[in-house]
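Data first, discussion second: the structure below is written as structure tokens.
Letters A, B, C and D mark the chains in the order given here, with residues in each chain numbered from 1 onward.
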Amino acid sequence: MLKVAILGGSGYTGAELLRILASHPYTEITAVTSEKSAGKKITDLFPHLHKYSNLAYEAVDKERLLQRADLFFLALPHGASQEAVDFFFRNGKQVIDLSADYRLSEPDVYAEWYKTPHNYQKTLGKAVYGLPELYRDKIKASRLIANPGCYPTSAILGLSPAVKENIVDAETIIVDSKSGTSGAGRKAETAFLFCEVNEGFKAYGVAVHRHTPEIEQEASKIAGKKIFINFTPHLVPMDRGILSTIYLRIKKDIDTKDVLSIYNNYYSKEPFVNILNDGLLPNVKDVRGSNYCHIGLKVNKRTNTLIIVAAIDNLVKGASGQAVQNMNIMAGFEETTGLTMPALFP
Amino acid sequence: MLKVAILGGSGYTGAELLRILASHPYTEITAVTSEKSAGKKITDLFPHLHKYSNLAYEAVDKERLLQRADLFFLALPHGASQEAVDFFFRNGKQVIDLSADYRLSEPDVYAEWYKTPHNYQKTLGKAVYGLPELYRDKIKASRLIANPGCYPTSAILGLSPAVKENIVDAETIIVDSKSGTSGAGRKAETAFLFCEVNEGFKAYGVAVHRHTPEIEQEASKIAGKKIFINFTPHLVPMDRGILSTIYLRIKKDIDTKDVLSIYNNYYSKEPFVNILNDGLLPNVKDVRGSNYCHIGLKVNKRTNTLIIVAAIDNLVKGASGQAVQNMNIMAGFEETTGLTMPALFP
Amino acid sequence: MLKVAILGGSGYTGAELLRILASHPYTEITAVTSEKSAGKKITDLFPHLHKYSNLAYEAVDKERLLQRADLFFLALPHGASQEAVDFFFRNGKQVIDLSADYRLSEPDVYAEWYKTPHNYQKTLGKAVYGLPELYRDKIKASRLIANPGCYPTSAILGLSPAVKENIVDAETIIVDSKSGTSGAGRKAETAFLFCEVNEGFKAYGVAVHRHTPEIEQEASKIAGKKIFINFTPHLVPMDRGILSTIYLRIKKDIDTKDVLSIYNNYYSKEPFVNILNDGLLPNVKDVRGSNYCHIGLKVNKRTNTLIIVAAIDNLVKGASGQAVQNMNIMAGFEETTGLTMPALFP
Amino acid sequence: MLKVAILGGSGYTGAELLRILASHPYTEITAVTSEKSAGKKITDLFPHLHKYSNLAYEAVDKERLLQRADLFFLALPHGASQEAVDFFFRNGKQVIDLSADYRLSEPDVYAEWYKTPHNYQKTLGKAVYGLPELYRDKIKASRLIANPGCYPTSAILGLSPAVKENIVDAETIIVDSKSGTSGAGRKAETAFLFCEVNEGFKAYGVAVHRHTPEIEQEASKIAGKKIFINFTPHLVPMDRGILSTIYLRIKKDIDTKDVLSIYNNYYSKEPFVNILNDGLLPNVKDVRGSNYCHIGLKVNKRTNTLIIVAAIDNLVKGASGQAVQNMNIMAGFEETTGLTMPALFP
């Protein structure tokens, strides 16, 4: 049994890790931390997590935690994660960081978008961007995984084959994304009250959202040149799910079937990526609660544009499920262990 | 591996059986039927059920199906199930019927509420009401299970300890229930369109809903005398979940702690019933997608009334999950096999 | 033009007053207060209220406000309203208080349920409970209106004819109510986040909700004797609306048509109460955004029970619409002025 | 009083016309038709429309209807409207057609996208596209208005100033739109059941949606050259509202403030278009139930892209409200008559 600790277990991402790991046969959760809820039982906050009825939140005491686990999931706020990641990594532990702190490989870009310097650049240099579909081998060889953001996971999985195969003009990429409300976390803010979100729909963070450089970094690596992205997130009145609609100008004379063929080849061995047949488009409802990514696409010959639609559950493939997938790879477990439960529909 | 067939697999209940059985280690699904969708793949209707990408719906041919499975789940409409149940049962198979056709032990009561006679009364006499918390031993010994209705499951689990212990006046029972919309099935009717249900809330079937005699039958058996129930269902703008609020006049001088103690004792060995601590009340959100029933209660001393609140997922503990639980019991598997996944929250 | 001020204009109730009064031909809003949002424009908080684009929130300065309006709507928190009501009333103004502070005529009952003494008992003695269907003449003659609570409005309108006509056993009344989330106000609390409320349903405040004594007070006045009520509120994943399902034991041999006749007579002249025909039951969706109350009912002869279902919009007939209705009566305007807009459906 | 008839009054658009006209002081509704619901009362289908409790649906008999009204709203399905429009127009009546049949001025384009020929091309030549912000004078002088589609209304209002001022490269326009479910109409189809739509989000009609040529027609007229649009509609789990996110490549060195200034000037006299201040973006919730269009925008200097976000209520400004606005213009009423009610929030 792999001994696992979760730092920051009182938010939706932490709770989702606990939910998923409840069905994982090879892990044992030895500690869950929360500053605000220290002393409370897990089930005081999350009655659905009966399995942990004997487990309580504790305050973070990194020195003591060190002995109690082999792998640390960090679901701390951005900024707060920097130092904790460094600590556990330097002390020889496996670390999967669900914050954004180790996703951007260039410290300057991090500082520009997150408005705070990166103080652990040596450790940052060791981090692997934890998207298994792109970096499986590096993940296997690493002890420090920067778990991708929710929007970037959908965008990069959607973009990669087309950019890689060089069929599109990478300078005109538009990613129009829509997310369920759990992406905002479990924060008591007026803007996320039921009565503010329900029956509403809005864009936010236009041109300034922090997931922009993360998508650009990965798209640029694939393209082999610097790419800028137009990224617009929107808030959907639903709990879970991200759907990204991606627009790419086509360079070649190519049709939907050709592109589907490229996508099917690219992801042919991926257990969690599902390319839909011609004529079908994904619905976030079909991936809710699951680790799957559904991708549909269409070439618009009138406008010479490739439209790709990618759907994931932001808390699973977009966060905690992908973290467990990374853990499975790092630990040498079957990659799909604990992650094959179908979506909850309806 | 137990060979299993599902008759009526294109509705929400059938899809939910497939979802749950996808994680069940000891069953193999050998056939799924649907008259309307015969020839289509499971994933044509339900893209979330990738695991069955090689499985297609077929029309019902009972003779041929007979050889292909040992246990038959019947998720057919009420009325249509009568004959099919009889057929498979007479031919030596194990049958779990998710319709209402074999739930009411008295044919006259069935005929009165379902407006159609029961034509297989001999087989009806063999059926066991499949609520494991009440009839586990009978289920184990039976080949024919009448899987309980969704509302009755919540009501009977909520009522039983109080009625059994004779602390309430069983003549004044009120069951005020609220259900998510999946309880209406996957029928294309105007009344269940998104725009009709969303931002709405209504009562329906007041004093005439067909689950009334089912609750009365079981409550009467426990009480040892004929009980009439006021049962009022309501439609909630959510996908899944039933919450029943039950009002009972108390006969004795008893307080909340006393009643909680009775409930905790009564369900002390039940893996799927969770009695909440004093001061807590259940939320359907905490059982969504799971087989658990959460029960909270309170004695109102000002009015001498016991208020019990019971929450389940109507498609899981209220239908397909309970059917799998019954299958586990009949087949000698660990009762919780495939059913311990926590609820999906949020 | 009647000069009107709103104290506490940054919550849902205050915003709803502004929305309704935007179409009122005989009023002019001269001041809107908010401690937290003083200095901000109305449209900074509520972009839908363009009509007030030149109006800003101000902090409360009672002395100065006194000169600026003839009628004061107070949408302050319970407790905070006591002193303000007294001030404006003593200074000769018309006051409509949307808090609970002046609803309970007995100070002891107020103190028991609200955990704070009532310090203005002389003024309390002048307050009229502002349910026009019961107290129209008193409202017309008064300067101080205690605007009813949202749940009590639905319950009392539902109960009154049956209790008044003495056809029911008033000792066994059960009011099972379900409310949209706007009833909780615009408070940034985790429990009312979208992800906590959506796809959830729960009871709360069982046996201890503060609207209990308000319903009891009015039901007792009608019955001419002290009545205790079982009142259970529930939270529905929708913005607006209250539906109360009321259970009453029938004393006489009476059927649905008889009771409908009683209800139709009782409310025959009421512009905002709509008794549905036999066989129909109300849906909150049909009253959303309107000042109407829809009532349906049924006698269950098997159990000798009358079930009444009453639906209102909690922010309109349950709060701000009723406040405007009271204003119309007090000011001598046509009672329906500004209040006849149909519900927003879908 | 203007005598008004509504053909096709049993869908959401027809009901919305009735709702809005209920508050209109200068119109009298003399007939409402529905083939399916002929003989039923309006309130049988729509209990919220009490005001019409004496009005019943009737089957269409065009000859007889001719004498009963001066202005005809046609809310019939596409295709079915062609002949009816022609009939009433030829007989000297004022006609506002809410279908798509008279929106596309070129019959070939109509035939290509709607898969049916246009058989009344002479009448088609008389139709004015009923977007008051662009064609107010033509509307005033016309007897035949083609009321714009819901998506096109949001897209064209969003696009026009930028295209008109020639600040953008009109060849790269992307319109990514999101609509509430009422846009699908009141049809009993599985795809629009509550359980299919709720907690879901999907794109549909990618590259083939029929509103594409309508947006292209109007954008081309403004630009003075043929423009092709990438238009992608999405389905949002909410009742009402459209939000269109529009991407345009900027030709000049221009920033957000410059573009806001252009938009404010362009719409300075428009009663229903509200340009939001720098930093603000619209939410469909703020226009729900109202005839207003809220527009926010931002220039992304990193990518040289102008992002415009436009929000309307699809049933009001996107259909029935705009139809009433057109009626007001045609009839010489104040243009805002009956249309100034603020949005219903929350």
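Just so we're on the same page, a contact is a pair of C-beta atoms (placed from the backbone, for glycine too) under 8 Å apart; a residue touches a chain by one contact, two chains touch by 3 or more.
Model, not experiment: these values are computed from the prediction.
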item	value
Of all other chains, the one whose Cα centre sits farthest from chain D	B
B-C against A-B, pair bridged by the larger set of C-beta contacts	B-C
Approximate Å spacing (C-alpha centroids) for the pair chain B, chain D	46
Interchain centroid distance [CA atoms averaged], chain B/chain C, Å	38
Chain A and chain B, separation of their C-alpha mean positions in angstrom	36
Chain A: positions in contact with at least two other chains	12, 182, 195-196, 198-199, 237-240, 282-283, 285, 288, 346
Chain C residues within the chain D interface of the complex	12, 15, 18-19, 22-23, 46-51, 182, 199, 239-240, 274, 276, 280, 282-283, 285-290, 292, 294, 340-346
Chain B partner contacts - residues on chain C that touch it in the complex	172, 174, 176, 178, 180, 195-196, 198-204, 206-207, 228-230, 232, 234, 236-241, 243, 245, 247, 249, 281-285, 288, 296, 298-300, 302-303, 305, 307, 309, 311, 346
Contact footprint of chain C on chain A as seen in their complex	12, 181-182, 186-190, 192-199, 237-239
